[in-house]
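Multiple structures are listed underneath, in structure tokens.
Here chain A shows up in two complexes: once beside chain B, once beside chain C.
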Partner chain A sequence: MSVSHQPRETERTDFVAVLAKACLVTFLISLGVVVLYPLFWMALNGFKTNAEIFGNPFALPSGFSLANYVSAWNQGIRNYIATSVIVTLGSAVCTVLVSAWTAYGLTRSKLPGKPFFVGIVLGGLMLSPTVAVIPLVRMMQDLGLYNTYWALIILYTAFRIPFTTFLIRAYMLGLPRDLDEAAIMDGASEGQIFWKVTLPLCKPILVSCVILHVLFAWNEYLFAMIFTSGADLQTLPVGLTSIMAKHGTNYAVVFAAMTLSALPIVMTFFAAQRFFIRGLAEGIGK
Partner chain B sequence: MITAVKHDYKGEAVKIGFTGSRRPERARLGPITGVLSFRWIVIAFVLILWFVYYPIIDNFVVSTKNQDIFTGETAYVGLDNYRRLQSDPVVGTAILNNTLYAVISVVFQVFGAFVLAALIEGLSEERWRRFWRAVYFVPSAISITVTGLLFYFIYQPDIGLLDSALTQIGLADWSRAWLGEEQTAIYAIIAMSQWQGFGYSTLLFAIAIQKIPRELYDAAIMDGAGTWRRLWNITFPLTREMTGLMVIVTITGAFQVFNEVMVMTGGGPNNSSQVLGTWLYQQGFIENDFGYGAAIASVIFVITLITGFAQLWYTKTRRVDL
Partner chain C sequence: MATIEIDKVSKIYHGNVPAVSEVDIRIADGEFIVLVGPSGCGKSTLLRMVAGLETISSGTVRIGDRIVNDVEPADRDIAMVFQNYALYPHMTVRENLAYGLKNRRTPKPEIEARVAEAARMLELGPYLDRKPRALSGGQRQRVAMGRAIVRQPSAFLFDEPLSNLDAKLRVSMRGEIKRLQRRVGTTSLYVTHDQLEAMTLADRLVVLNGGRIEQIGRPLDVYHAPASTFVASFIGSPAMNLVQGELHGSKLAIGPALIDLGKAVPTQGAVTVGFRAEDLQAAAPGGTAAEGGSMPLRVDYVEELGSQRLVHGMVGDQAVTVALSSDATLRGEMPVTIPIGRLHFFDAESGRRLPWSSAEPHRTATAPDLLETAR
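Then we have the complex of A and B:
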């Protein structure tokens, strides 16, 4: 009796499991469509003519002419990308280098009163750019930095030092001290230990920090909007809104411009996914 | 003194590199190496104190003054700008909108993302787990300006996807100018923000879930616990620290919202979608009323300070392992 009953029971649980799995996969795919379709729509609209955009929004473009993309590129995207690259890379190098120095000073050096300085860095994490923006305008004007690359490089660096220092410091605290001690025994100075021992060991966290900073600086909007006004100094996010204001009726070019500005960071994500994910995980945990 | 030592260190680095014995000299420098150690932190502290701390103190000073935009003269007005905050109906709208933002984001980007991450991590093949995590993350890598503009178009009645889709599935009555109506504008913006951000928190939860030892699940399966039992009795309690942290981070972010509102509605129609950040911009930079803008900034400062301390306290009292 029980022997004949057993297979039917398993059959039923198998059926439930298969049904559950089918529901789950359907749900994941639907959600995937909701996430990706708007992005495809954006890229496809870049190939359409304005008349086609006002037609059925689900229709495919009649041809894949790059005219709109070329026009968006020439009408400013090229300059905006150049500015974004300068500001992003400039501030990434400054932020990570200065933060690594600071983290070293706060973990390995003979600095007196370390907890006090750590507290100041930590406090900086709580201060948001929005709150500082009004006084910073006058400060940047007084310093003659208003509407220069330096305004953004300095501000991105200053506002990201607390966060980046914190990540690198946490990593340095977890590093073994044996190598330092061996280097000290060999008569190495603090400077030599930093450049030749500690910094190479920190490579994984440094890569994560660079990626997190690039993601931040490439997409930042508030400071970029307020501290630059000339078209040749606007970063991508701000430039996009000016393209929108200038060519607001030529939707196809705007869509092409949006796609062009999304492309570099999406490609970076897929190329360096592993580092991205680790960077983000480090970023939230500490 | 410092330059001399620096020079010495450089010279030595070139001369004898790593192996030379320098112990006698180090001993001589002993008492001052502590002071010399400031060289490691001095650049960072100049930058932080000058460009992060000082402006925030200055912001309070600015908020007690009003500048005449014609004469350029400033006059001390005490707490007048803060009194104005209380009677400004848009400030009320903005705080309400920021709060809505926080609540909806906690529901979707914390609890929704948690369930989604658990579902993804429950898949049997690592290939597919990695695939879904990556797919859902894509919008988070794109700037809010781009996604905001994209949804600005999606919500348009004439060319947008949303109203066309509603018409095709027979819900033509529901279609409207989502960003053009006071009742829907802020919700449309918040919806875009959920679309953009949920993949990010799903990814973080997935990482937290991966840290849970497999044996716990194996034991639960042996005991006959089903999927939901395992989710609530193992996954949820063991990622609770992460969940708490995500709640605080999400709320902090919700009170600093600026970019998407600016790009999608600019706070309109009729100020119905203003948040504190955009109202600050409107008052400070469009109306050129720096004093009042600074007073709004102080409100943001107080709120983010509270959530910031909550986060500090939380990460100190619970161990959030990653």
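Then we have the complex of A and C:
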């Protein structure tokens, strides 16, 4: 009897598995639509006229003219992107290098009281940037760095070091100590071990940290607004608000400007997503 | 090449946990010494102290003419092969081999010549431009050895280099290491927990237990005359049978069996008696051995190994293993005999070997004797 029941049970199990898979795929597709459609809609509206946007907001544009994009580019987006690139790349390099050195020291040195220093570094995660704004403004003014690229590069680096160190440290803890010892036996100095052995092995987590930092620095608004005042030093988020103020009624140009500002970050993410996922999965899991 | 002298070396971790206690070993120039013992016996710690990767709590390590306690690992003129190979995964085989020489600012033509020579010796030529992940376990192990060879150090240190390989590859790599060491003639200190590996590779064995040396000696000396019950049970497969016995004059009682030793043993009363499984023989049905003692064995189960069968059973209430030829006849209860000369006696409490001339057909060597010889 039990033998005759078996095929029916197998069929039922197969049906449940297929149903579960279908639900999962539907859910993932819906999630993809929810995330991608606003971006797609924003990019499409950049090709429309103001009348088209208000008349039929969800329709395709009548033509794919780049006029709005060219207009946005010429009305400041070019400068804002240049500033954002300089600040983002500068702070990303500084953050990742300083954090990697710190993580190396916290995982590899025989420093007495190491847990205490780990606590101090990770304690930085709890520091609210908003609370520190006023003293930071005074400090930057005193140092003559107010309204310069360096103000933002230094601040972004300082506030992202704890989180980046936390990620890189977790990854480094998982790297075999044998490699360091082999390098010591091979006559490598601490600096050589860091640059030639440890850092190349940390590539996945370094890429993840760079992407996370780029996402943060590219979109950061508070510091960018407070520490820069000249139009030539404004980053994209601050610049976009200026454009919106200036072209408050010309939504097509505003949409084009927003699309242009999002484009570099989307491209960066897709180019490096392989490393990003791997680095985070390996780093946080240990 | 150089001698290595380990003189009263101890390692005490924080909280007064001794990992190695007053170890003395003299390694002659070109000698292959194997440190063997169970996990946690301090063998790797001792090796790492020689390498300079662990600080020495007390005692001295001398490589060649100089004391190296405070010398950086890179300046000790030694090379180490690690358990997990420790190959740099982002470098090619060629870069892995050359890395140590580059750090020492060796001229480029010499680096190339030495890498080529090591690659030829280890048959790594076709793999020089591959990354370690594209190599098999055995090839990676050979690269790890190549990295040690190119340095032309005065001593090699091996930290369980074969433990990550499968059984078959381990046997072939064992032979390769032995051949290589003979060829280059470099003093070697090798750590393993595998007694078979230790027996086959070593010029001399150092058996460690609980951070102390149990015995130093040539493999066969250690096998035939273990200095303690620990060594007797650790070296040899199957392990030596160790049973409780009573000595009364020249008579030895093991459970129900009474064996006439022919001459009195200096120690009397309770002792631990040792005998190897392969020294026991099945007595002819209904008969007893022409020479030696006979014991009634109640057979529990049999392990067939092909060339021989291991018979596990009980003599009285004590477990005994007998290695018999594969065509031996087995019965539920059978008498087994042991040549008197193959019996070993150990102190029942301390487990140290007791002198018994008849039981020592091979030259015996205890740790103090061999230390003296080495000096």
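To be clear about the criterion, the second predicted complex is superposed on the first by the 238 of 286 C-alpha atoms of A that agree within 3 Å, B and C clash if a C-alpha of one lies under 4 Å from a C-alpha of the other, contacts with A are read in each partner's own complex, and residues count from 1 in each chain.
Heads up, the rule we're going with is that a contact is a pair of C-beta atoms (placed from the backbone, for glycine too) under 8 Å apart; a residue touches a chain by one contact, two chains touch by 3 or more.
Everything numeric here is computed off the predicted structure, so don't read it as measured data.
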Considering only touches as defined above, state whether A:262 meets chain B (first), chain C (second), both or neither. first
Just chain B (first), just chain C (second), both, or neither: which does A:181 touch? second
By the touch definition at the top of the document, which applies to A:201: first (chain B), second (chain C), both, or neither? second
Thinking of the overlay built on chain A, is A:31 touched by chain B (first), by chain C (second), by both, or by neither? first
Touching partner for A:223 - first (chain B), second (chain C), both, neither: neither
With both complexes superposed on chain A, which partner does A:192 reach: first (chain B), second (chain C), both or neither? both
Chain A residues where the chain B and chain C footprints coincide 183, 186-188, 192, 196
Spell out the part of chain C that touches chain A in their complex, as residue ranges. 51, 53, 73-74, 78-80, 82-90, 99-100, 103-104, 147
Chain A residues touching chain B in their complex are 20, 24, 27-28, 31-32, 34-39, 41-42, 45, 53-54, 56-58, 98-99, 101-102, 104-106, 109-112, 117, 120-128, 130-136, 139, 154-155, 157-159, 161-162, 165, 183, 186-192, 194, 196, 215, 218-219, 221-222, 225-226, 236-238, 240-241, 244, 251, 254-255, 258, 261-262, 265-266, 268-270, 273, 276-277, 280-282, 284-286
Chain B residues touching chain A in their complex are 9, 12-13, 18-23, 26, 33-34, 37-41, 43-45, 47-56, 58-59, 62, 116, 119-120, 132-139, 141-146, 149-151, 153-154, 158-161, 164, 195, 199-200, 203-204, 207, 227, 245-246, 249, 256, 258-259, 262-263, 276-277, 280, 284-285, 290, 293-294, 297-298, 300-301, 304-305, 308-309, 312, 315, 320-322
For the complex, which residues does chain A have touching chain C? 176, 178-179, 181-188, 192, 196-197, 200-201, 203
